[in-house]
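By letter and in written order, the chains are A, B, C, D, E and F; residue numbering begins at 1 in each of them.
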Amino acid sequence: MTTYAPSDDLESDPRIKAVFDDIRATRGTDFINNMWRWLAVDPALLERTWAEVKEVVGKPSAIDPLTKEMIYIAVSVANNCSYCIHSHTAAARAKGMSEEQYGELLAIIGLAGKTNQLATALQVPVDDVFDAGRHRPAAG
Amino acid sequence: MTTYAPSDDLESDPRIKAVFDDIRATRGTDFINNMWRWLAVDPALLERTWAEVKEVVGKPSAIDPLTKEMIYIAVSVANNCSYCIHSHTAAARAKGMSEEQYGELLAIIGLAGKTNQLATALQVPVDDVFDAGRHRPAAG
Amino acid sequence: MTTYAPSDDLESDPRIKAVFDDIRATRGTDFINNMWRWLAVDPALLERTWAEVKEVVGKPSAIDPLTKEMIYIAVSVANNCSYCIHSHTAAARAKGMSEEQYGELLAIIGLAGKTNQLATALQVPVDDVFDAGRHRPAAG
Amino acid sequence: MTTYAPSDDLESDPRIKAVFDDIRATRGTDFINNMWRWLAVDPALLERTWAEVKEVVGKPSAIDPLTKEMIYIAVSVANNCSYCIHSHTAAARAKGMSEEQYGELLAIIGLAGKTNQLATALQVPVDDVFDAGRHRPAAG
Amino acid sequence: MTTYAPSDDLESDPRIKAVFDDIRATRGTDFINNMWRWLAVDPALLERTWAEVKEVVGKPSAIDPLTKEMIYIAVSVANNCSYCIHSHTAAARAKGMSEEQYGELLAIIGLAGKTNQLATALQVPVDDVFDAGRHRPAAG
Amino acid sequence: MTTYAPSDDLESDPRIKAVFDDIRATRGTDFINNMWRWLAVDPALLERTWAEVKEVVGKPSAIDPLTKEMIYIAVSVANNCSYCIHSHTAAARAKGMSEEQYGELLAIIGLAGKTNQLATALQVPVDDVFDAGRHRPAAG
């Protein structure tokens, strides 16, 4: 079930077609996954989101592509986004995530879920040494 | 404020002392951060949690130490654990996270937060190609 | 799948029948959506919840009906309640939400999801000017 | 910091005074904790919330009072409500929660946090035997 | 406490200065709230986020400015972002939110929080009539 | 759909077989629910998780078995883990949860969800009397 049904003729809208063409060219495949077809509900939202994905996930940068996908999975699990968990787990595998790495990723996510709850339940005070602002020079 | 106040004499309990000694030996420092002092509310919980942290985060493995910390930060942000965000951001920096990497980590977490909400709002159906079970051989 | 299966004869319980009759009368339809049939697991819970929905969402008030539904969608997305996202998106459309408004609602929810994560990740200190308590007169 | 500052003269509003009087009489104390003073922002909301708390938490019922508080703590931790964690942990202790029970409660909350994330990450299919609807008689 | 400490000299970076100048010009005030100073940790992230805020929240559109702020508050509460709750509650008041509207907003957020949990606990099946895809024409 | 497909021959791995044998012996049934089959993606994770479940949920302790299951349900609902809600609701029923208790559990979870959101929205300051650290003796 879904709350929105994209038409079968999305690409008759030139703004949508331009984004889809860029997705196909960037990824080197004709496949457009559902996320983009659903975001077409609002062409401006589609354009902005794709531009941000290209910028943040798609460009060579200081974090390698597989690590980016594993971080994306981690956030998606904690936020409980079923679609995103599926799509980014597939993407991580496509970028070389081994089953051993997947098992470790799960172990970290599970452990973090546990210690997150424990620190929250106990309302553990943050240690002073963890405060990045403690050495901040006074203004002026 | 906190929901629990550890005594000043936690290490008079030999089980607690043994864990704290191992934390100090493992990390090469006398500093015991608050998380462990608060978990001492239940020595068995303290022992299990430290053992799991050593196993999952502390051992050489298929995911490098800095990546593990960045994944830990990502989960902690999505779960909104203030203590954990502080402690693991500090740990990531201690393991060499550059400001450039930190900025990119934030960008990924923010983008994932956004696309998680969008996929959930639209209840986007998962594409068949993302289903790891689709090629599963039938039993027998 | 579900964790509870309502009987086919719910309205043989007069408390349940009274609530369902009021739902039908209030909404001018014979349709009782699943939420109410499932809440009948506990007639007192059903009565209280329907009374609260009538009071909070159903009465003319300082926030217009469509805005109420959009706020309800926003909370339901952030809380990841699939049922609620479906039912309140349908309700918003029934109350006149245009596709343009829907697209904008999605854009706001997505942006908030992103900036929520960023402010949490950075543990941004709240500016003094945002503290509603700062001008509070001293007691006595 | 806060987003609302209750006046020092809340009880000049007879609706607010009536609720506060009932809280004091029900609990046998003059102390009104901040939650109720802040909910007075909207007297109808204050009245409904107090009535619901009396009904759900305050009345003798099939779940004993301490268990109710532990369940309340569990939800509040998972929802990350700092105020609620503090107030219900204090309430559980006032109702007799031992330190041993508190430690076990934390262990369950932590373990659930972990297995919740793991099941979500793996998108584990629900076993048929857990579906309460599987034996539901057909309508008619 | 915070995980990042912006320098006192942020605007010596021309990219940061350009964004801050635009914030001041757009809002007609010299005040730059902490969110933007912290996002300056990554100038590209700052630029993208401000551009998106201007586009989504700042432009005249099909949803009025006060409603946008109330939706933003709703998401921020459900996501538990303390900074965002403070800043957007202040913004909503600046845009004319009355105390009556604030009380109603709280009532809707609270009710949604309750029914979200109930629908999730009962795993209520989505009614067919809420499925936007049910009338979707077949492809081809 | 799922992000992982366990093989049909999991128990050819002796570590997995040992855990499954212990699950069967401990529970007195041949049934292995999906959670354990999926966790077998990483035998070490499977071993640790089962050991923790046995320790935390399976042993006689200061919290009775049914209460443990109700707490587990409460966390799973707030964390929105569909699998866990199903499995632990079934487990609670198997341990004797009556429909009356189930209705009350739902009422508490729903009320907590509501008051959690309200306290968060209002950013209600924690009362001093709820601070467990307020009477803590000074060190030394």
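Please note the rule applied: a residue touches a chain if its C-beta (ideal position, glycine included) is under 8 Å from a C-beta of that chain, and two chains touch if they have at least 3 such contacts.
Since the structure is predicted, the reported quantities are computational estimates derived from the model, not experimental observations.
> Among the chains here, which has the CA centroid at the largest distance from chain B's centroid?
That would be chain C.
> Can you spot which of B-E, B-F or C-E is a repeat of the A-C interface, where more than half the contact pairs line up?
Repeat of the A-C interface: B-E.
> For the pairs B-D and D-F, output the one whose chains share more C-beta pairs in contact.
D-F
> Compute the distance, rounded to whole Å, between the mean C-alpha positions of chain C and chain F.
For chain C versus chain F, the centre distance works out to 27 Å.
> Give, as an integer number of Å, the spacing between the C-alpha centres of chain B and chain A.
Centre-to-centre distance between chain A and chain B: 18 Å.
> Residues of chain A that contact two or more other chains, please.
Each of 1-4, 41, 44-45, 49, 52, 75, 77-82, 85-86, 89-90, 100, 104, 106-107, 109-118, 120-123, 125-126, 130-133 in chain A touches at least two other chains.
> Quick one: label the inter-chain contact graph as line, ring, star, complete or other.
complete
> Going by the contact rule at the top, pick out the chain F residues touching chain A in the complex.
For chain F paired with chain A, touching residues are 1, 3-4, 41-42, 44-45, 49, 75, 79-81, 133.
> Which residues of chain C touch chain A in the complex?
For this pair, the touching residues of chain C are 80, 82, 85-86, 89-90, 99-100, 102-104, 106-107, 110, 117, 125.
> Going by the contact rule set out above, which residues of chain B touch chain C in the complex?
Spelled out, the residues of chain B in touch with chain C are 73, 77-78, 80, 82, 85-86, 106, 109-118, 120-123.
> What residues on chain A touch chain B, complex-wise?
Those residues of chain A that touch chain B are 1-4, 31, 33-35, 38-39, 41, 45, 49, 52-53, 56-57, 61-63, 67-68, 70-72, 74-84, 86-87, 89-90, 98, 100-101, 104-105, 107-109, 111-127, 129-132.
> Okay, in this complex, where on chain C does chain D touch?
That would be residues 1-5, 8, 44, 48, 52, 55, 126, 130-133, 135-137, 139-140 of chain C.
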